[in-house]
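Note that the chains are named A, B, C and D in the order they appear, and that numbering of residues resets to 1 at the start of each chain.
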Amino acid sequence: MEPTKTAAVDSRALGESVVNRVFVTVGVYLIAGVLLLLGIGLQLTGAINNFATAQNMLNIIDAVSMLGIVAVGMAFVTYSGHYADLSVPTTMAMTGYVAVEMLKYGFFAAVAAALLVGMVVGLINAVAIGKFRANPIIWTLAVNYMSMGVIRLVWVNKQIYPDMTASTVRASQMFDAIFRLRFFGRIALPMVMMIILVIVFQFVLRKTKFGVQLKMTGAARTPARFSGINVELMIGIAFVICALTAAVGGLTVTSLNRVGAWYNGEGYDFRAVTAVVIGGVTLAGGRGSIVGVLGGVLVIGILNNILTLLGVGTFSQDMIRGAIFIVVVFINARSLRKMGRDYE
Amino acid sequence: MNNDSKKGRGREKTLTFIDRNRIFLLFGVVFLVMALFAPRFMTSFNLTTIMRTTAMNATAAIGFTLILIVGQLDLSIGTIITFAGVVGLGLKQYIGYGGSVPIAILAGCAIGLINGLLVAKAKISSFIVTLGMLTLLQGAIYTITRGNSISLSSPDAFAVSDWLARMIIPLITPRVVITLVLVGGFTVFLRLTRVGRNFYMVGGNRQTAWLSGMDTDLYTIVAFVISGFTAAVGGVLFAMEGAAATLNLGNTSLMYVISAVIIGGTAMSGGKGGVLKSFFAILMLDVLYNGIILFGLGNEVKIFIAGIILAAVVLYEAYTRYKHDKTVGQRAELLKEVDELKERIKTAKHRAAV
Amino acid sequence: MKRPMTLVLVLLLALALPAAVFAGGQKEAAPGAAAAAAGNLERSLAVDTSGLKSEDGQPLIILQEKQREVPSRPANPDALPEDDPLHWWDIEFAGWNANKQNIPESPKDGAIGKSIVFIVHGDHPWTTACTLGAQKIANAYNMKFKPLSPNWDLAVQNQMIDQAINERPDMILLIPLDAKTAPQQARKINQAGIPLILFNTLPSAAAMDYCITWTGPDDFGQFRMLSRVWADEMKRIHGTSGVGVAYTQHAPGGSPYFARCWGPISELSGYAPWVKTLDKQAPGFEADKTMQLVSDWLTRFGRDLKGICAADDSSQALGIFEALEKAGRRDVVVVAAGNSKVGMDLVKDGKLFAITYQTAEGDGALAVQTAADWFNGKEIPPVKYLPKHIITKADVEDFYPPQW
Amino acid sequence: MSDQQRVVALQMKHVTKQFPGTVAVNQVDFDVFAGEVHALVGENGAGKSTLMKMLAGSYDDYEGEIWIGDRQVNLHSPAVAKANGIAMIYQELSLASPISIAENVLVGRLPVTGLGLTDKRRIVEDAKNALERVGLGHLDPDMAIEEISQHEAQLVEIAKALWNEPGILVMDEPTSALSREEVELLFQIIERLKKEGLAIVYISHHLPEVFRIADRVTVLRDGKKIATRAVAEVSRQEVVQMMVGKSIAEFYRHESHATETETLRVENLTRFGFFHEVSFSAYEGEVLGIGGLSGAGRSELGRALVGLDEVDHGMVFLHGKRLRISSMSAAMARGIAYLTENRKSEGLALRLSLRENVLVSLVPRHTQGGVYKQSLGEPKLQELIAELSIYPPDPERMMNNLSGGNQQKVLLAKWMAIEPRVLVLDEPTRGVDIGAKSIIHKSIERLAQQGHTVLLISSDLPELVALSNRILIMREGRLIREMAKEESTEEKVLLAANGEGV
């Protein structure tokens, strides 16, 4: 935050090196590409095998599709300049519980109820953060505690099973299918959901009134307000979207685990933020894209894949992941600054 | 500017004073309730237990408070706690506590230094840096220990842990003393020394601080180093008292400390807050939890109440700011006539109606 | 302006001290006094818990007919290679060579009316079941039963131990949060002169010196059993050539992390040397992470991967199956620990070949039963295992409804 | 100024400072005598602020020599600058809002006791003294900056600078947020400091002020020094010419386009504690000036008109129809817009591009069936860039990389884009150079010509008088007077604003 140089700077001056330009435009996909090449290279040297196969690529996407679903929603919060929604994990768990409970009224009741839970949590955050400007990190943390408390109080440390609560076998089968349904025998439903969400939200972010106004809101809240934008609403919607995707993610995780448990969704908060930020959505807000977030998610997937194929232990993987995370963000921020597209 | 506005400000000031010190009141209330109703709460043994429980997080909270004061965030304290514990005990069998403890603490500082450099010099958001560091350290811990938590069952190790846990006088054990000394020291440092005040200035307005000749980067880095230091101290002492370092020693500390420090009244926005407040906030939470256990209630209650308190505090702060923003700049002399004006409006409406 | 605050605090402490004295005085008149009543022992001995059942219809307490025989400890286990069963002696047989230190004498006045504090490691459906089982026995003896759960937080568990000591119950039963921290915890309780029984999590040897006994699953033993069944099945399907296996490990800290991976490895090194260990990873208890891990394994090892041994039969097992489904690999033989509902359903569908019988209720029950026996003055062995049993499709039905 | 006291306090010898792509300050010579006020004028981007930041030690890579008295110094960090007795008063307030006034004033020089611990009592005392000097004796030094008003803060800023007992005092637009009274007070302070032998550098766009207070004036243009003259020997016109390079009339009274058709009527509009019972009407093609001291409630009135603040009482009519304005977007939809006085904090998203900042106002209008079509705004954007000659004319350029003047043009463009029927302009030319100023004035006139109604809130009296067809005077939250164009002169407005004269 050193005094910023407002003196007119003309484009010749700015460090528009090829690298920067490429990075700012294709952003994270550059990294994804590099990783893919790395993988192929390793395969050629025989260090790993079967990397460049359709099967493996699908595995990678499968592995991250749930993370993707959540991250896409989280992106809106970050984009609105509010860092992260830490209430996501418990929201996921709670939707799981409620959905499984509601299976006794059939599958669709369950899904509806789950989304309703997401909606409610989202609205709570929306009011507190959007209207009263509570600090997003702390507030969502508090909400996370409270809803966890609620879960524990209501379901007293029991976990509940779809096939036991469901009224009909069909209902529980359908619930089971949320994660397992496959198109053309291989394309899993979560993958499809992720892709659809990415497409829809990319459109929302870029082409709709909401998207454009959210950008202004995220980049500069007060000026946005003084431009006739209903910033409270914009931020509110962002949090609701986040909570809703968390609900969808919660449904999927619960369907995968075949059990409503409070540990479903654990760790998804920071994992999602990581993906979002790697994907080029800056914490300063108003910058980045949903497609970029998809890229971020893929980068994480490819990285894990390569490391496991190399036989790197789970724990060493964390170290590498942490380091790469910092580096990527650094490069991204730096090239933005050099391009004069941003300042500290 | 006339007397009325001055009076108004006087009133405002009293309120802000209460507001600024709310954590002490909060602590008082919680303590009183427990003292009166919780069975066996008021035994010197139990109170000592509370102090001992407080020690680790309270120590870590010192650095974290400082981090918030300079307007940054440190998500890595939890893993630093663990890391220090693991290093401190892991190296003991080779070089003894005399060597391993300093190394563990230095390690903490070093991690803080790296965080600080990345934030201040590479200009990456502290949220990112420390989040990455969290993941990285977690991996490092598991890798170097190969999944073994570390325990010492040698007599001298037990001797040390007994010494640390020994009750000197009610409420006070050596480990508690160390914590209290650190808390006291940093409170004085931040409140009463120029350098200490400068941290607030850096957090309050980085540019001002820089223009008044402070090396803001340096202050930021130092804050992170101190955060690493206090976390490490907390971790290694805890591990020594337990004569064992588990690999998730500090996992719960991060959220715990964040909540406490915020409840204590230190602002995420920087430039506000204090170590003593954070300490009492931690103490308050521990008293609360202790009481909850004494009542025989489960975690669900504990988690829920923690959430409520945190939420209440955050909302309260947000709402007061919300109100403040609405009224800032009002003219006292105009406010005086508001009632009379309202009256006139009402009658006018009335006449219109008739 | 600071004064009011300080005043409040001073006032509080002023209030506090008399209260402390009062509470302190009252403390001595602790429960258990009732137990002194004559004839209590007889009545206690008369109580019969053998009839009690777990939710899964199994008897709550199945006593091991014969205790397992313990090989003599090698001079220096760590010197031996990791795939040598004796390398793990200190973990596997922790407690058998314990030299007990000032263990309190049994009052021999009967278990009825005794007060026990029951500290587990953290909230989990397993824990809930375990506590339920313990409760059943406690009720049978009409004990004052206080369960505490530190929610997987070591600092909190230590605090709970202190508070338990402060309550001065007749006995403390403890699941150490971590094997390595157990000694100091046990030692503290021991020094406070309160009888202690450790259970479930096998602590490191030093802890055994300070407790009456340890009760719980014979993790190593069970996995040695499991691994043999597993090897046989793989042999039946794939023969003995090119059989590679991988392990999804338990979370680090505690014996399961080793028992459920090195148990089989060291066992098979003798029983079925033709089984090659390809990899072992700890994806945590998250289905999606496990799924990714196993998918990558399948990519990496392809057909060489013939078997997977999971440290957990719910999330991990599910993850494994989603991965196998996708790869269309029905031939991989999978075994896992624990009998959660999810796991048993998988066994029923023939997806999971075998799981170990880990009665959660029995775990808690055995601990309390042992406590009762001690109060009743019975002889207590240094280590008391839960029964070992391997559940396969053949008998899985007997274990429904699941405990959790 | 007699010769014996002409000691050179500060001398800059052909100093140069380059930014990537531009030479902000180019071979400039500049000196200040002890006990004189040396004004530094020039358009935005002329290099004034850069030159001063150089003095403040903000740059460690300038070229050339700087002499303080007879020592050459390297002002490579603010610390060094302070050590050499240089104090700055910044345009953007450099105060830490969560921190107490006292500590802001005494920052870096907190009094300490023997133990090296800060001395609470003396902190308060010293702060009080410092505040006394700028007429803020009534403020409680323990209050946080965020609790006091903006012009109070501006004075605190000055108190802070003076407290360092500098040998050289640099003031960058010190009056931008001050009311007339406070400006007078400031000038008295400056006079006193002159007598105490301080060397004062005074940067301002406000030529009247310059001619009122300065002894010498130096003109910069495009980073180069044009000339240094004694104020006594130069006329406003000449200075203006030197600044813009060509001769333009600084102000011109433009003829009225006001019609009889009423656009806006306000009745008893009241926001408790801010402004009470304000009533007036404005007509098509009229520029309606609103004069008064800062803090008189003018901005609040403007904000209320567009629904940024909710109103407690009163009615607003647009073309005779009662308006119930729930939000600013509603107001915009009805054709009322408000240009804020705080360009940086409320006006522009500095991280976003020129295009995004201008077109944001058009987003609702160009959204069809939920889809926003940016392309629809393109022609308008180009047109406005041309009309306001925004430089550089690159819609992709991030706002932060534009000079203040151009930023202000963009802000205006944002509101001209929606062609509002009523446009409320709050200090439309604050801190803007003469070139930009005249362009903005032309656009205002153009709006009027085309029948828009402009409410012009301005503390710049010449501007207010020159542009307005009528002038309303607000004082302490009330509308106290209306002046027809004929009778309105700077002096009358000023008197009225201060509650004097009839």
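Methods note: contacts are C-beta pairs under 8 Å (C-beta built on N, C-alpha and C of every residue); 3 or more make two chains touch, one makes a residue touch a chain.
All values derive from a computational prediction rather than experimental measurement.
Peer 1: When you check each chain against chain A and chain B, which touch both of them?
Peer 2: Touching chain A as well as chain B, we find C, D.
Peer 1: Which neighbours do chain B and chain C have in common?
Peer 2: Touching chain B and chain C alike, sorted by label: A.
Peer 1: Among all chains, whose Cα centre is located farthest from the one for chain C?
Peer 2: Max centre-to-centre separation from chain C belongs to D.
Peer 1: Any idea how many Å lie between the Cα centroids of chain C and chain D?
Peer 2: 72
Peer 1: What whole-Å value do you get for the distance between chain A and chain C if each is reduced to the mean of its CA atoms?
Peer 2: The separation of the two C-alpha centroids amounts to 37 Å.
Peer 1: Where the CA atoms of chain B average out and where those of chain D average out, how many Å apart are those spots?
Peer 2: 41
Peer 1: What whole-Å value do you get for the distance between chain A and chain D if each is reduced to the mean of its CA atoms?
Peer 2: Distance between chain centres, rounded to whole Å: 43 Å.
Peer 1: By residue number and range, which residues of chain D touch two or more other chains?
Peer 2: 58 - these are the residues of chain D that touch more than one other chain.
Peer 1: Among the residues of chain C, pick out those that touch two or more other chains and give their numbers.
Peer 2: Residues 123, 282 of chain C each touch two or more of the other chains.
Peer 1: Can you list the residues of chain A that touch 2 or more other chains?
Peer 2: In chain A, the residues touching two or more other chains are 2-3, 152, 156-157, 313-315.
Peer 1: For this structure, enumerate the chain pairs that meet the touch criterion.
Peer 2: Every pair of chains in contact is listed here: A-B, A-C, A-D, B-C, B-D.
Peer 1: Using the touch definition from the top, list the residues of chain D that touch chain A in their complex.
Peer 2: 19-22, 24, 45, 49-50, 53, 58, 306, 308, 327-329, 331-332, 337-338, 340, 345-352, 356, 360-361, 363-364, 367, 370-372, 374, 391-392, 394, 397-398, 400-404, 406-407, 414
Peer 1: Could you pull out which chain A residues touch chain C in their complex?
Peer 2: Checking each residue of chain A against chain C gives 48-51, 53, 55-56, 58-59, 62-64, 66-67, 152, 156-159, 161, 163, 179-180, 186, 188, 253, 256-259, 261, 263, 266-267, 301, 304-305, 308-309, 311, 313-315.
Peer 1: In the complex, go through chain D and note every residue touching chain B.
Peer 2: Within the complex, chain D touches chain B at residues 56-58, 77-79, 81-83, 88, 90, 94-99, 103-104, 107-108, 110, 112, 116-118, 138-140, 142-143, 147, 149, 270, 272-277, 295, 297, 300, 313, 476-477.
Peer 1: Within the complex, which stretch of chain B touches chain D?
Peer 2: That would be residues 1, 6, 9, 12-13, 188, 191-194, 197-198, 200-201, 203-205, 207-214, 267, 269-272, 327-331, 333-335, 337-338, 341, 345 of chain B.
Peer 1: Taking the touch rule as given, give the residues of chain C at its contact with chain B in the complex, in rising order.
Peer 2: Residues 1-2, 5, 8-9, 12, 15-17, 19-20, 22-24, 27, 123, 146, 148-149, 151-156, 158-160, 162-163, 165-167, 177-181, 183-185, 187-188, 204-206, 249, 252-253, 257, 282.
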